[in-house]
Amino acid sequence: MAVTSSTITVDMRGDCHVENITSKVQKQLQDSGLQGGILTVFIKHTTAAVMIIEDEPGIRADTKALMERLMPANPNLQHNTLNAGEDNGHSHLRGQLQGPSVTIPFNEGVMTLGTWQQIVIVDYDTRPRTREIVIQILGE
Amino acid sequence: MAVTSSTITVDMRGDCHVENITSKVQKQLQDSGLQGGILTVFIKHTTAAVMIIEDEPGIRADTKALMERLMPANPNLQHNTLNAGEDNGHSHLRGQLQGPSVTIPFNEGVMTLGTWQQIVIVDYDTRPRTREIVIQILGE
Amino acid sequence: MAVTSSTITVDMRGDCHVENITSKVQKQLQDSGLQGGILTVFIKHTTAAVMIIEDEPGIRADTKALMERLMPANPNLQHNTLNAGEDNGHSHLRGQLQGPSVTIPFNEGVMTLGTWQQIVIVDYDTRPRTREIVIQILGE
């Protein structure tokens, strides 16, 4: 049993920008040489999330619309009113509800994703940012 | 430290059908012979989720009503309008928000579930489907 | 590769009470002596959740307001009407949607949390309770 850790960075535009990182995660798994185990994809930010979705344009648009409906931008959120210069209270609510990580099994060096499952990061912030994602792999 | 992987299949009816898989997961843990570690229960589908709930009829009904209120079926979702024949945009939104996996510690060969915690899968799709669930166990 | 398991207890007041347990988790990681791997923080209750947030008073208040807006207390929830004496159907819906655990990588003995990421438990129940949280660490 061994552990490998790597970090990738992705330039994101905010405003529910979605980026597919499935092939990057699979590349790290291949490089690890590990055959069976679990891996955790963890984004080091509170206004972004890691998700597993069917990644097609309709789902991307529907996800953005859902987040805007359930947790709209709102200048009266206390994160905005209590902290000078902040306007991203809704970005926090979206990111923390969805969560910063996913954990995925792998066998024979390949993740056990279903046919339509893709790993994406979603950036809910109000401005472009470079995001760091840790890929931690445990296995043998 | 060792890894074991197994897959179970469950016939689901869709429409927020809930199935309790706690005893099936515990059986896989017993069969592994591992005493301490973590296990990940991962469903290989984008329109279903793995959850931990108090599994009684009231919670099942309330969960269905919540999903229908927050993410109702809607022919105008772009997943439906952009992809011929699709009607399950809301199923995707529900599945991906809840998430496809849970990770649970175990000690002395038993999961550290609380008194009322049960592992269930929930199928949000619009038709019956057979679902595959991977149970990945790491420990010693 | 080794596994360590520890349990901490926290007295919570319910009603979206938030408690920051980051330093307690880091203490368990230090005590384990493990340098690289993953850890899972798992709360053994269905009406509470583990979250990663930017922990400042505005976010705490906004999180409470969001939960009250999306999943308000409601005597007509079937968990309440079908089970004598129950009034916490909304607490279940909140806890199970957010989820009972987070899994976090660590390297050189330190979790890979971003600058603003803090680990908190949130108690959605309708009365004060003592909560048990398992911290399971796998690594080398």
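In this document, chain identifiers A, B and C correspond to the written order of the chains, with residue numbering beginning at 1 in each.
The rule we apply is simple: a residue touches a chain if its C-beta (ideal position, glycine included) is under 8 Å from a C-beta of that chain, and two chains touch if they have at least 3 such contacts.
If you're wondering where the values come from, they're calculated on a predicted model, not measured in any experiment.
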| field | Copies chain B and chain C touch via same or different residues, half shared test | value | different
| message | So chain A and chain B are the same sequence; what rotation in degrees superposes their CA atoms, nearest 5? | response | 120
| remark: Cα centre of chain B to Cα centre of chain C, whole Å, reads 20
| note | Residue ranges of chain B touching at least 2 other chains are 1, 38, 70, 97, 99, 103, 138
| remark: Touching chain A in the complex, chain C uses residues 1, 36-38, 51-54, 56-59, 61-63, 65-66, 70, 97-99, 102-105, 107, 112-117, 138-140
| Residue numbers on chain C that touch chain B, as the complex places them | 1-3, 5, 38, 40, 42-46, 70-71, 77-83, 86, 89, 92-93, 96-97, 99-101, 103, 132, 134, 136, 138
